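Each chain carries a letter (A, B and C) given by its place in the written order, and its residues are counted from 1.
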Amino acid sequence: MSSTSVAKPLAPSAAQGRPARRRRRWTTERVVFTSLNTTFLVALAVIMVYPLLNTLAISLNDGMDAVRGGIGIWPRVFSLRNYEIVLNMDTIYQAFIMSTLKTVVVVATNLFFTSMLAFALSRKEFIFRRPITLIFVLTLYFDAGLIPNYLLIKDLGMLNSFQAYWVPVMISAFNLIILRTYMKSIPEEITESARMDGAGDFRTWWQIIMPLCKPVLAVIGLFVAVGSWNAWLDTLLYNSGDPALTTLQYELQKLLASSMNAGANSANSAANQAAVGAGGQLTTPIALRSAITMVAAVPILLVYPFLQKHFVSGLMIGSVKG
Amino acid sequence: MSAGLAACDSGEAEDGPSSAPVIPEGDLADASGTLTPSNPTTLSVWITTAQQAPAADNKITELLKEQLGVTLEYEIVTPDNVDQKIGVMLAGGDYPDLIGTTDLKMRLLEGGALLRLDDMLATGDYPNLATHVEDDIKKMSYTGGEVDDGLYIFPNYNRFYGEPTGGTYFGPAFWIQKRVLEDAGYPDLSDMTLDRYFELIADYAAANPETNGIPTVGFEVLASTGREWGMTNPPALLAGSPNNGGVIVDEDGNAEIYADKDIARDYYEVLNEQYAAGLVDPESFTLTFDQYVAKLATGAVLGMHDQGWDFQTATQSLQSAGMDEYTYVPLMPVYDGVEPWYADRPVMNTNQGFGVSVSSDQPEAALKFLDLMLSEPWQKVLSWGIAGEDYEVGDDGMFTRTEEQRANYRDLTWRASNRLDALLDVLPKHNGQFSDGNAYSPDDQPTEFFATLTEYDRGFMEQYGKQTWLEFMNPQPENPVYYPAWNITLSDDANQVNQQITDASVQNLPKIIAGDPGEFDANWEAFVDAISRIDVQVYEDAINAGIQDRIANW
Amino acid sequence: MTQAPVSTVVTASDVEPALVPAISSRAPGGKARKKKTKDPKPKITWDRIKAQRVLLLMAVPLLMYQILFKYVPVYGWSIAFQDYKPGRGSIWNQEWVGFENFVDLFTGVNGERFRRVVVNTVGQSVLSLLVGTVGAIVLALLLNEVKNLPFKRVLQNITYMPHFLSWVIVASLASVALSMPSSGGFINQVLMNVGLVDEPVLFLTEPNYFWGIVAGTNLWKELGWNTILYLAAITAIDPSQYEAAEVDGAGRYRKMWNITLPGIRPTIVVLLIINSGWILSTNFELPYFLGNGLIAEKAETIDVFVLRYGYQLGNYSLAVVAGIFKTIVAIILVGSANAAAKRLNQETLV
């Protein structure tokens, strides 16, 4: 889908052109509004970008010095040591590949199945529409608990297998509702005319509806990708027995724990182990944590700009309707 | 993907016995022939540890294969995640060969995941382990009644051989910056009292309201989430009682809580006065642990109550910045007429360590592996490394290190390739001394301690005629039989009451300390009232039952 | 919308449990709002089943899947009716205690405290939800007014960044920001510079500020993220409506009010309904990391309570009991919200 500006769609259809021209004129109101709005949004952006810049600065700072605090958006004592530790980790590249693979598969399967079901549930004539929707909606609000979930995966023979990553998350009820709501709003004439042309339900979904849903699929894809990328509990519970299946987030989490090994849960028991943990590692948990955060976040942060064009620009629905 | 799991099953063991084992030369080999390179063994190992897994090219991993034919398949779970993992492991019922647990609640043991080892040890095939447990077998054995009584776990720390060594103090103390003592002309530190402690701080703070451009903080109260003991533990220590957690235990072994007693009231009254005088940091109660460490690391904080291990990062940060005079010395203020008992003899955690799982089909090999790892030659490899590479052996047989070797030892990345930290963390250890007089680890070796001491610290200790920081503390008397009371396993009800007491303290003490001194009595009464509404008896009874049980059985 | 069902135990099967706004391109002011008749309730007949066999094939296997993965494991809730000890092995090998755990939670030694943490949870949650929703909508509207596309994209990218930092880091930054000026507390610095206060305020020692601090921190972290779906929904609005409005002489604000807002109303409504069910599932980390003894009476939430008295003490039954309680409340709230939306002829979930 080509990226068109919000203003653009006006031009072709606004035959008289007057409204469009009026909009472009720099009236006093517009100057005042634009400058206020720009100022506000820039200020907001500064507040929003600060945490990440601060984390970046600390990650590029000498660990011992970073402990003192007071670092803003620029490192005080520059050092690449924290990144060396993270990137020298034996398992990290393999974990990165596994995380990527997992994310891609989860996004693909989740979007496919969620949208297929959303299509069925968006059909007004579908007989089991309401009960099925209800059954899915309810799952937003309860969780059976770790152990039964684990036993299910175990009984299905999916422990220590890649399937444990994507099979349990094939459908997300939340995205289902969003997609269904969106599909419901697509004019019925479109599906009607498809049917006239002899398309079955499956083809209508895949060839007619799905392309119209690109923007919302992009949004949901982003949500699913971020969720899958950030998840580590599935690795811990289902796949921690097979080093080949480890994920970036899980490995980073363990590294973080090892950098903080003196601060165990129970103060009393840790006191006894202090003699061992007290070696000191030439960097400090606070600095290493920042580097870990950057390594974990940056790859997934980069997904957004690529998806953005699908929902920043105008949709085609309006024109279809017209 | 499950190839890894299949590989650790019986496969190799079966064709082993037919060919005679080839035992390598040297004292690292298994003379009994159970674990030999000619008959390779793969052991699956599950470990709870915050230590990192070894890198693929780890040299000790290589050595294990070379000398014993042992390959370890690790599954490492950090302490943060272990609750969830233990739950599903018990539900699933499949365990690896070796289980290294640090679970205070002994869920894996009581859940039947571990093998009772007494009979196997009695065969005499595991001499190192047998020696390790013989003196403390009662203490190390499980008697909780959920599974058969007996030995399941080899405790990982503090079963001492020879004398404990080392020069650094990691326990609880009222810490004070060296510059304060230096400025006061190195005053006598014996018979320290709270008043003198705060006097030293007050005098220095009055003369130095700023430290490197930021306001000097007289005293910091450690109260961040999970570390509230920094605020709640001092009264017992002031009263001359060792760290038994929330209770004081008298000579007859009777325990009672002290949170609402006079010894506590006296302490918080002093803190309240000092708060009003501006010496206690008003931010104390809102600091996250990171912020607390950051404050110490700026050098602006003159004193605090804490345990030595807890603020290591701050100390290291100050040292690396060359700010030795801003690092801390442990002091032991006590109430009138009592002897300080801050430093205690390190105790075993009998619920932490390695056991063999019930689903292992090679328990002999697994146990043999633990036994070999406990032998002196392997302990040296695990703890010190390889002679000539990771440490040097002097003409007198004592181990020393070069600067480079010390730096390596501190380097996470280097350690991953050269040490088995995760495994060692939970293995039983030869704490104390080896038979040749070397300390168990570089951290405990006296020569290493002196070699790494800075000029400033050396000079500082000379002023007090001491050689180590440990000498600033009380001599450590023999621990009472039951000690320590804080690791007694409690019922759910007792645990709940304990948590309620902690919560009441955490919610009331800050108000008492930061309140108007005129309202101290009222605030204190409110706290005592809050405690009185808790069923403290349940907790005390449980602790007392545990103490009596230990006195009877240990 | 800052609601995320964060609990100490997150199932791996929830890929993105966090809020996710819904999109709708439904034409504002048009068909959607005029729709008065309810969707027809289709009668189930053999003919229909046959005619809809493809739809059934698309839906029923996935329904089975969902029942297997979400509903079957609910037998695990039996822990709530047991004195559950992991040591005893499987959950069928436990001592049954009926409703004792429920009674204990509401009326036992911690009963009063539990009721208070419920109030705190609702307070923090509702405030965060309101501030978060309004904030996200306002930001979406303001971003929509930015005509310079590259600038708009950069802004969007920046505002969504804090979402990717862990709560530990965000809580730690918030704590520093709220501290004394000498500890880096820039909020106090600013307040003192503009003369609003003479003395630094110890924000985290004042119980009455805490809900606001939670809502503010949530807003800071999730604002940009929450805006994504609203922005997408806005761009789905039929441009001809703006043209028509302009012909009628509508100004900027009237267009926002009469076209943009109604255009994203289905999204707003669907999200509010969904989020209403998560009122009891507040973010766990903020109260845990920022809470302290002085403000515990306002800070402690259900999840923190369950951590302290459930997981940390090995009392698993308590955690499940609290979970069941949250589910029941959630279903009541969502049901009510859905019914209300239906009566007002708004978009509904079911």
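Rule of thumb we're sticking to: a residue touches a chain if its C-beta (ideal position, glycine included) is under 8 Å from a C-beta of that chain, and two chains touch if they have at least 3 such contacts.
The chain lineup, named per UniProt: A, C = Sugar ABC transporter permease; B = ABC transporter substrate-binding protein.
Values in this document were obtained by computation on a predicted structure and should not be read as measured data.
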**Report entry** Chain pair with more C-beta contacts, A-C versus A-B
**Finding:** A-C
Query raised in the report: Relative to chain A, which chain has the most distant C-alpha mean position?
Result: B
Report summary line: Whole-Å distance, C-alpha centre of chain A to that of chain B, is 40
Report task. Could you grab the centroid distance between chain A and chain C? Build each centroid from C-alpha atoms only and quote it in angstrom. Result -> 16
Report summary line: chain B residues touching 2+ other chains are 84, 87, 91, 290-291, 295
Query - Junction residues of chain C - those touching two or more other chains - result: 9, 91, 176, 183
Query raised in the report: What parts of chain A, by residue number, touch at least two of the other chains?
Result: 69-70, 146-147, 151, 233, 237
Query raised in the report: Contact residues on chain C for chain A in the complex?
Result: 5, 7, 9-18, 20-27, 32, 39-44, 48-49, 52, 54-56, 58-60, 62-63, 65-77, 79, 91, 139, 142-147, 149, 152-166, 168-170, 173, 176, 183-184, 220, 223-224, 228-229, 231-232, 235-240, 242-243, 246-247, 251-252, 266-267, 270, 274, 277-278, 320, 323-324, 326-327, 330-331, 334, 347, 349-350
Query raised in the report: Which positions of chain A touch chain B when the two form their complex?
Result: 64-65, 67-70, 84-85, 88-91, 146-147, 150-151, 154, 159-162, 233, 236-237, 240-245, 253-255, 257-286
Report summary line: chain B contacts chain A in the complex at 1-2, 4-5, 50-53, 55-57, 74-81, 84-85, 87-88, 91-92, 96, 102, 104, 157-158, 166, 168, 170-172, 226-227, 229, 243, 245, 289-291, 293-295, 297-298, 307-310, 312-314, 316-317, 320-321, 346-347, 349, 352, 407, 409-413, 416, 421, 425, 441, 443-444, 484, 486-487
Report summary line: Per the touch rule, the chain C residues reaching chain B in their complex are 9, 85-91, 109-110, 171-172, 175-176, 178-180, 182-183, 202, 204-205, 288-294, 296-297, 308-309, 311-316
Query raised in the report: What residues of chain B sit close enough to touch chain C in their complex?
Result: 83-84, 86-87, 90-91, 93, 105, 107, 110-112, 146, 214-215, 223-225, 228, 282-283, 285-288, 290-291, 295, 492, 495-496, 499-500, 503, 505-511, 514, 534-535
